[in-house]
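This report refers to the structure that appears directly beneath it.
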Amino acid sequence: MAILEIRGVGKRFGGLQALRDVNLSVEEGHVHAIIGPNGAGKSTLLNCLVGKLVPDEGTVVFDGRSLLGRKPWEINQMGISRVFQTPEIYSELTVLENVMIACLARRDGVFRLEAWKTLAEEDDIRGKAMQVLADLKMEDKADAHSAALSRGDKRRLELAMCLSQEPRLLLLDEPTAGMARADTNRTIELLKEIQERLGITMVIIEHDMHVVFSLAERITVMAQGTVLVEDVPERIRGNPKVQEAYLGGHG
Amino acid sequence: MDTREDIMTKLHLTRRGVIKAGAATGAGLAMPTIFVKGAAAYTNEPKGSEVVFGFNVPQTGAYADEGADELRAYKLAVEHINGEGDGGMLNTFSSKALKGNGVLGKKVTYVTGDTQTKSDAARASARSMIEKDGAIMITGGSSSGVAIAVQSLCQEAGVIFMAALTHSNDTTGKDKKKHGFRHFFNAYMSGAALGPVLAEAYGKDRRAYHLTADYTWGYTQEASMKYFTEKEGWETVATVRTPLGAGDFSSYIAPVLNSGADVLILNHYGRDMVNSLTQAVQFGLRDKIVNGKQFEIVVPLYSRLMAQGAGDAVKGIFGSQNWNWQLQKDDAASRAFVKSFGEKYGFPPSQAAHVAYVQTILYADAVERAGSFHPCAVIEALEGYKFDGLGNGPVEYRAADHQCFKDVLVVRGNENPTSQYDLLEVYAKTPRAKVEYAPDNEFFAGGALGECNPGK
Amino acid sequence: MDAIILQILNGLDKGSAYALIALGLTIIFGTLGVVNFAHGALFMLGAFVAVTVRRILTLSFETIDPTRKDFLGNPLKVKTTYVEHWFGPDAGQWLIDWSVPIAVIAAIPVMALVGLAMERGLVRHFYKRSHADQILVTFGLAIVIQEIIKYFFGANPIPVPAPEIFRGSFDFGVLLGFPENAIIYPYWRLVYFAFAALVIGGVFAFLQFTTFGMVVRAGMADRETVTILGIDIDRRFSIMFALAAIVAGIAGVMYAPINSPNYHMGMDYLVLSFVVVVVGGMGSLPGAVLAGFLLGILESIASMKALIDLVPGINQVIIYLVAIVILLIRPRGLMGRKGVMED
Amino acid sequence: MFKGLDRNDIRLMLVVALVTLAAPLILNPFPADSAWAQFNAGYPDLMQRFVIYGIFAIGFNILFGLTGYLSFGHAAFLGVGSYAAVWMFKLLSMNVVPAVLAAMAIAGLFSLAIGWISLRRTGIYFSILTLAFAQMSYNLAYSVLTPITNGETGLQISINDPRVLDRAFGTAASDSVPYPDFFGLQMNDTASFEFFGRVFQFSVGYYFAAMLFLAAFYLALRLFRSPFGLMLRGVKTNQSRLEYTGINPRPYTLAAFVISGVYAGLAGGLLAAMDPLAGAERMQWTASGEVVLMTILGGVGTLLGPVLGAGFIKYFENILSKINDQILHQWFAFLPDGMEDFMVTLVSPFVGKGWHLTLGVLFMLVVIFLPGGLVEGFQRIGRLLARLVGRGRKPVSDDDKGGA
């Protein structure tokens, strides 16, 4: 069953047609990769999913409910979490506090005024946050200032924040960008493990074909704002259209 | 009232008082001994050989220079009361109660504070003088707002307030207080003094345009000027309120000429007055002929510092003052004051300095005559007190509202000043009878003095 | 009708003052990213350059005139200025009379030095600190500057008259067919308006057409890239700070005849200049100028008697009201760039 | 009561409570007739100001320190609180309870309205919106709203006020202007002791304000450590991350804005309770700027910092401005005549009428040498002491980890 249905989505920025009639459906429990050359419209599409941009036309339906016109926090509360291309974390807070915010957001919803109870009394939240950190082998860094983390650790922290929310759909925007090969491999292993253990649906935008073919169960190739082809990895590899899109043609 | 007093007795609390039980406890302990302040009959009753006056003047902000001049005069007054210096106006003062040995034999010392020309800061400063330094009397003030605020504080605390610079009718009108005394003249008197002089100088067929500072003092000044000029047959074309500290008054001045008015009355004070007058002159208003008459500008309340700020712009412009050092020409008291102030500081005193000096002397004299610092006795000694020889001729402190009544000076910008100190010249003296009013006059109605409050 | 034209003219003049002050402030905001609470103090320093120049020109020696008496009855000391003594009464008087324009020339090097000293000595060390720290340190500096001025010049305003030939006003109304005195405009304000237009135009031309200006504009847009290109942007930024100080300073000099200089005038204009800059939009020089004129004109119109009678107190709040409305309609002011001082 | 707070927090709270309660003793170290008595701050008016402006700054810091939103118009809420309190005195009763409650309520409503509009913008645009609202309030209160605010003079209590409740219970004094009280205990009741020449004054008003200060401090402490406080810090650090984590920042920032507005209202109400006059200057931008300076000076985002900043500024304002040449001559009387005059000339520009200068210099020194504000200074002293004592324990002030 498709958990995410994108139908006929289009988006213009002034004279530029960034997205044109994009159709995409993501099956629940699958890892779905979106690839394509620079300027293909991958990030624009992602922004249309999380409420940062509103498409000019078309529909986006998540689990039977439209996402159009919803604010980012509403979309998140519906069960969609996002990892950014450059890690977006609370750099002035500790690692544990970063994750606790995410846990609290899951539990309390969009707003809750509880100024009297202290964090120390929130044993459940703390426990859960520590658990997620342990899962990602970051428990020893729980009290560290997140600004001081390495780039890879920052990305893992962001992942931890998203995972702690137990999302139904995880959007990953180039999760290995700028990583060394060893780190990239570790990330691949991690994502694989998460997927196997939790069965979270993932949509990955990625340049690195190694990552894509290691993880994805289905791949959508985009070029010039529209979907070129969608298929299983084995068939994408040899597709001439894809090779054309990446290697030549439009320039 | 009864219940409240009961509670206080139970808790051994008296207003600003002492825990009497503390004395017994203290005496029981060998060391360290706790001394309890002796029970006082009234707030800050002087116990030792000294008595403290509180000089609360603006030391920062727009009126800092006026505050500085007041402070100079206060120091001079203290010297004279303590028998130092040449005695100044003590020699000309009609009362000879002060002997130059302090007040009731106690040497006068003083504390100073900064009002910042803000009611809040002024009260904080006055409270610290009363609570921390034990001041028996507060004097000062730079604006009517501050004076009224501090006056009511002194009423509550049970000390005397001798107002210095405050010109609003309200100070001795609807906000008058038993503990507050004003020597300075007021907006009503300015109007009463200027009205006839203006009518004589500029004619009775005049049309006036008022620009008024948009706050309490401005309102009372405008009302008074309107009343007295209309009484002389003038017509009021318009009254326009300008924001305090507007800086640029051009958009208020520009429409004046076309309004059919031939006199502009600037109910401004301080920087507002300096700027509005300078700019009005810059507009060339005074060179214009309107309704077949020379256009004129009037500044109802002058001060020397404002005249200095406006410079050449004040030439030939009428206004009023409480006192001017040039009175020394034919007044021995003023001569004595100018001499002792001028020799100490090198320049003649301003009216701010004069009122500060006089109020200090009047308080000290009242204590000496009453034979006590008790505020109730001092108030009694000041109420209805008639005196002379302090620079304004014969003066009376009216009992009904604690306002001094005396002749009022009409001054005019000097066309040929010899220094920055004679920018204004005395034009006429309007006699007391012409500026006097009944205590229940409509400009002063409402409010009551209340009762004398010894505090404790 | 004539009343509205009159107020628009007044507003242009007010606006040119606002625009001049805001221009310098926005240069510092835009190029250096520094919240400079001492900018008002620079304006005030400029006004006191005018005072000082006048004092220097009127320096005098004393001769005793035994025929006249001073206030204590001693023989009067008559003062003669050195310039009159040296150049003769006519030329001397002329120099004193023209002290304000002379002060503009003097203010340029003086304010440049002040600006450089401020930037090198203090502000430079705060580029990387938080805006909060910048506010505290520049506010402290503003207080110190203002207290030093108060120590030497007192708190009372000091008159600085414009040259004699600029006193009085020009009757625009007659030109436009209105009755006499309907639309009058002081000559000095005409001069001020022309001067402001010249300075604003000069700053724009400088930034637009010189290589220096181009580099600085590039630095405003993206500081890091410019630094990578091997351009010493820091030195240029110091010069920009000096430029901002000069603009503020000469604005103050020329304003002295309108608003008698006093030590507190910087603080009086500080809040207003911030409002103008922000309404114009952070990082936009044209925005600051536009906002200056817009607020000046609206403020003038709001001071019309008919309007005050209709809405009491409108003249007290107009600037703030307009600022609120503009910021609600346009999130980054009139011409603001995205991401400048938004966090 | 201390549930959920760690040992360091409890210790901090106890130290603050102890210092606050013993302030009349601690702040009066010099004998009243000594030359240094000038530096005593232990008289009711100034102590009241310490705790009241402490409340104001703590509340401001909840907004600025936690969310990073810099309001330049917070004095408006303090002013509105004062006006509300004085009006309660005039209309209802001289009892301070309804006055303080009304001050908090009205300030809360006022801040809700202003916050609701201003929080549509961030950064300096937000600051200017708050500034504009406050300046409008000030300008109107000073001029055309004079019938409500009594403009320049400030709103005062008069003998003829209705005071409905007091009259109903027959406690209304008729012969003189009454003073605010707490069920019969008048705010200006003071017990004073003399002890080795030091006069210690225990004032009802101070202890009333101090108890509310401690409550306000304790509430802020818990708020800092609460999930709510964590969300506010999230807003400051990365607002967009928060949005994608499922949190709408607006209600959080608005709540913080209103809470700090209520704190300001409480401070304003207390100012009026200690001294029943509400002046318009309380709302001027300089007053808003003052609380910004207090917070930055003390240490943004720390619990104790704003209180230290408030104390620092109020102390120097009230103490320095009262030092005059007469006192300077007393201090330097031990020097030979020439030296004495020289020292007086040297020092006098910094005191009395020059107190602003000293404050300006101190601002610059603190921000240059103590980037973290006064709290950092205390931490350094604490660390130094700890090292000197040679014990491995962390110094007390390190506990103040409040955040950013």
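The chains carry the letters A, B, C and D, assigned in the order they are written, with residues numbered from 1 in each.
Everything below uses one rule, namely that a contact is a pair of C-beta atoms (placed from the backbone, for glycine too) under 8 Å apart; a residue touches a chain by one contact, two chains touch by 3 or more.
Here the structure is a predicted model, which means the values were calculated and not measured.
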Both-way neighbours, i.e. chains that touch subunit D and touch subunit A: none
For subunit B, the least number of touch steps when starting out from subunit A: 2
Most widely separated chain from subunit C, with each centre as the mean of CA atoms: A
Middle chain, criterion being Cα centroid separation: D
Distance between the centres, which are taken as Cα means, of subunit D and subunit B, whole angstrom: 32
CA centroid of subunit A to CA centroid of subunit C, Å: 52
Whole-Å gap separating subunit C and subunit D, where each centre is the average of the chain's CA atoms: 35
Where subunit C touches two or more other chains at once, by residue number: 313, 316
Where subunit B touches two or more other chains at once, by residue number: 60, 64, 68, 214, 241, 243
All touching chain pairs, where touch follows the definition stated at the start: A-D, B-C, B-D, C-D
Complex contacts: residues of subunit C adjacent to subunit B: 2-3, 6-7, 9-11, 13-14, 17, 68, 70-72, 76, 150, 154-159, 161-162, 167-169, 179, 181-186, 188-189, 257-260, 262, 264-265, 268-269, 299-300, 303-305, 308, 313, 315-316
Subunit A contact footprint on subunit D (complex, rising order): 3-6, 219, 222-223, 225-231, 233-234, 236-238, 240-248, 251-252, 255, 259, 403-404
Residue ranges of subunit B touching subunit C (in the complex, touch as defined): 60-65, 68, 214, 238, 240-243, 245, 247-248, 250-252, 254-255, 257-258, 271, 274-275, 278-279, 281-284, 287-288, 290, 305, 308-313, 325, 328, 338-339, 342-343, 347-348, 418-419, 421-422
Of subunit D, residues touching subunit C in the complex: 64, 68, 70, 117, 120-125, 127-129, 131-133, 135-136, 139-140, 143-145, 239, 285-286, 289, 292-293, 296-297, 300, 349, 354, 356-357, 359-364, 366-368, 371
Touching residues on subunit D, where the partner in the complex is subunit B: 40, 43-46, 49, 139, 142-144, 146, 150-154, 156, 158-160, 171, 173, 175-177, 179, 181, 184-186, 188-196, 199, 201, 204, 271, 275, 277, 279, 281-282, 317-318, 321-322, 324, 326, 352-353, 355-356
